[in-house]
């Protein structure tokens, strides 16, 4: 059955897979010291215009968030995130497992508001009772957000300025970074992100790789003994090549950006088709995830013809569902979807 | 200077201290195995009408919350609490430190609402995505709450029923339990609490002891190897007698209840005096903590004559402050306060 | 340069990689619910003759050890291992990171001794002070061990019997399981292992896969909410297919066993060549890892012609080094090695 | 029945208790900010000749070890201790609970050997595989040791020098510090200890207090936000006065040293009596703990007349038992013991 359930229903982009095949029998050193990994790091530094950035490859998004946050926070610090932030909702308490609190701020279609952030931080740092409280030690944002929305450059600049004023790192979860950067509405480049965030990751799993995320420390160096920390989290691959080769391919000839743009083009087609058929959108998303409101009866009927994701229940027997495109979505699938809608 | 800053500005109630002095040179076994500790446990079981309850003495409130919650939660569970719950605000992330999330519900003058709790629990348990989420594994309430308010018997029965329906323990933080039970408005006895909660603690530090809290497992037995768990948290006193003797004294001749009632009587005097002088209350509290709204100028002026606690800032240069009475407050202090107000 | 440095210098076995390529564009459900993963689980249950076993795929060895041990131990329990056990030496404290102690027993060429284990367990459980001590809650062994040695069936039966007597699970780290089972000296089949151990993992990373380990609960079911636990550790792959498809291939037509046997055949050639050239062995290993003693001068000279792993320093300017074969080693490499030795 | 079971069978030294009584109704600020606590800190700085030392009061030994070690270690570091160190044996895994490994060195009557320490540290720091290993980040010693033995000044100087060379803090567990310093054989003063260690604690629970340990950072400042860290561990007393007042008393007029010396005098009497009666000692201890070897039959017989502690089983139906004196032991008890031996 046709699936728009997520952007991870296929394997790897063929060019990525081809590189794994071509290099397969080469004898390479382990644990991320191989030439492909080093080359991929160099390419990422270059495309980010961050020649001094530390880059590490990890295997999945929750793992990357967990390791980045746990190793950057100090002992009595928590991470500030939107109430709807992935780390606060759908990562099974992976942050708390490392001993740190997720401090939630109100969500605005998935985003935090700079003014509310500033009010919260100044409230904390001027509270004379704060010795009994967890200090905000980091700000987490996602781009695109869990609702497919995007921060504008102005918004990110404001958040970045506040974080630097309070001397806490700004971290961006870029599980779908490509789909954000390449969307029509976006005014943030990868270089802007590298400049305005202190740490962020470039998602591979959802953007063309079998697995893998590139964690970039653009605003400072990685914590000391970072490889040991990765190992301690059980996240150090013996065959580090698996991630390295894939990212080497993704950052060759702009593949990452090209396939991201393709997903956006397909998302625009998807929106057009849904609009034509009179579907109601839950919110306006410029990225590859589209949130649609369905009557529950309609939802059940549709689910027999096409796969999508249930998102949340609404009053009056209605639901929000998600349709996602990806690098792998083709025009034929959209046409087929159009027929079953 | 006269202090109404908190209910822990004095040492122990004289009768409690006297028992420590009388028994001082007796040779007793360690780690809570002494006769006074055993006797205190028995007295607490009796007054709770819970003959099978496990009772353990710990040294402070945050420690007791941390150990009770960390040992009762299973691996992927969090504890549900009001946004304003002490564990969610002023315990320096002690719960998250043990790897567990505090899941917050809206606060209603410090209390959670049974309907909102039920909606949250049913929402979680019927969410097909819940494999990626922390499960609610316990409900935390405080009595009195952090705002001095009280659950009614009806309210507690509702919450208790919901917890049992969803098979998760109900835990009550009773740091000031005596001041709740003995207040004019209260319709919950210690036996009601033991019956409706699965676990709770009877606060000593703020109600007559130098230190010490009695953790009561009234709805089930304590986790296996509980003494080892206490030790692992660094909370097992070699001289367990310190807590045991104090609780033995507090539960002799209703001392705990008598001194709690005294604090309530003094709080009523305090309210009378404050009202006479035209002070505005932030909310209506039937217990020993009273929250008053002051202009910041007035607050500064008053703070030179009497100690109280700053609570939170309000708009327009106003603040909430707290005045607390305790077992140690006497009529003379209230009179003196009246003169400086 | 020719490398015998480890059994993870190449990518995946060609048949494994081919399956990834063939299935690449199929739309599959995420998080290990896809058909290939289910099929691989079924094949493993079958080859283990454990029709009720729970099987989960994880990505690396340290991750698998960490999750298996942390989720099976109770709160005040530690895991017993040989002093030289991988979890006690080269996993960067991944077990302690989860709050649990590794309790070490003496090593006998990498193995623990059943009698010493029994003495330790009986010593603990009959110690009246044990309330202040970490309880042994699991036994960890590796097969082959970190020194390439193997438990005999008799030895494993003894250890298994003791564990069951004391009611603690026996866990086997099978990072190189195939190379153990298929070695000349081995008298333990995969079924024996499934029967005598309660939990074990079948290593993929070092035996033909790009990544991936199959964790098998043969003696009991996996802990409740195990997928959530995996997620909480940051170890749940969105594209679970990556591990599932590889194990499906490895357990088709005995591929796992055939390629393991090939590595053993190559190891025998390696031993023959080393012996011919008069090299001294540190110990006798029947598996794919061979430990050789070299003068440091010789070690430096050799390291310019072939890659191997430094293992440990010996007195008098001598060192132990490791040569490893794998599924990927061919006769030509051995011949070439023979020329440079 | 007469008890020599431990040095914590009585309450507090009468002068300590008297201070608690005298100050009981004074209104004091909470959480360790009261005047008595500040004064006690100042007295300790003075007697240690460490005017810049940070001093904090905690409630028990395991708690103090846990907090000191967990807050001083960095993320991938463990603490080095003798195999018999209290943290490695009888603290219920409290260190591992905080995520850190206890790395054990051989024990020499409870002590570590400086040469072995140096060999271990240099071995680690020169191991090129150490990225996969826990780094030694601290050295833990106890004074007196768990076997009542003492480091000489030479020995401590050697260990201190090695720690400073490798830039890792030296931490001393001084649960019975007074009984060490005041013993006949000791050549280490409190000032020597403050100078040679970076952190240590002066035990109160076993030396005259109801509870309480003074943690002294003599070689550097306490970690940032240390009060918050104490709170996060559940170890911050609302009535910080409880510890502060006791230590103020203990360090007034050399009380701590006088009562410690008394325990040593009584221990010498104890040894004399035991020797007279022909008892065999397990080892020679110059401090307040004496370890005696008994036939098990004799042990059972004796245990009906006097309390002592079982320590460990020996071959041939014999056992090691411990007799302890304390500040509270009087000549009459020794005489009475003499009659029952």
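For clarity, chains are labelled A, B, C and D in written order, and residue numbers in each chain start from 1.
FYI, a contact is a pair of C-beta atoms (placed from the backbone, for glycine too) under 8 Å apart; a residue touches a chain by one contact, two chains touch by 3 or more.
No experiment lies behind these values; they were computed from the predicted model shown.
Peer 1: In terms of CA centroid distance, which chain is the most far removed from subunit A?
Peer 2: Computed centres place D farthest from subunit A.
Peer 1: Quick check: more C-beta contact pairs in B-D or A-B?
Peer 2: Per the contact counts, B-D leads.
Peer 1: As a quick test, compute the distance in whole Å between the mean CA positions of subunit A and subunit D.
Peer 2: 50
Peer 1: If you average the Cα atoms of subunit A and of subunit B to get two centres, how far apart are those centres in Å?
Peer 2: Centre-to-centre distance between subunit A and subunit B: 42 Å.
Peer 1: Please tell me the distance, in whole Å, between the geometric centres of subunit B and subunit D computed from their C-alpha atoms.
Peer 2: Measuring from centre to centre gives 33 Å for this pair.
Peer 1: Pull out every residue in subunit D that's touching 2 or more other chains.
Peer 2: Where subunit D meets two or more other chains at a single residue, that happens at 76, 91-93, 97, 99, 131-133, 228-229, 231-232.
Peer 1: Flag every residue of subunit C that touches subunit D in the complex, lowest number first.
Peer 2: Touch list, subunit C to subunit D: 76, 78, 89-93, 96-102, 104, 128-129, 131-134, 310.
Peer 1: Any idea which subunit B residues touch subunit C in the complex?
Peer 2: Counting only subunit B, the residues touching subunit C are 31, 71, 74-76, 99, 131-133, 135, 223-225, 227-229, 231-232.
Peer 1: Can you check the complex and tell me which residues of subunit B touch subunit D?
Peer 2: Subunit B reaches subunit D through residues 2-3, 5-6, 8-12, 14, 17, 20-21, 23-30, 59-67, 91-94, 97, 205-206, 210-211, 228-229, 231-239, 241-242, 307, 328.
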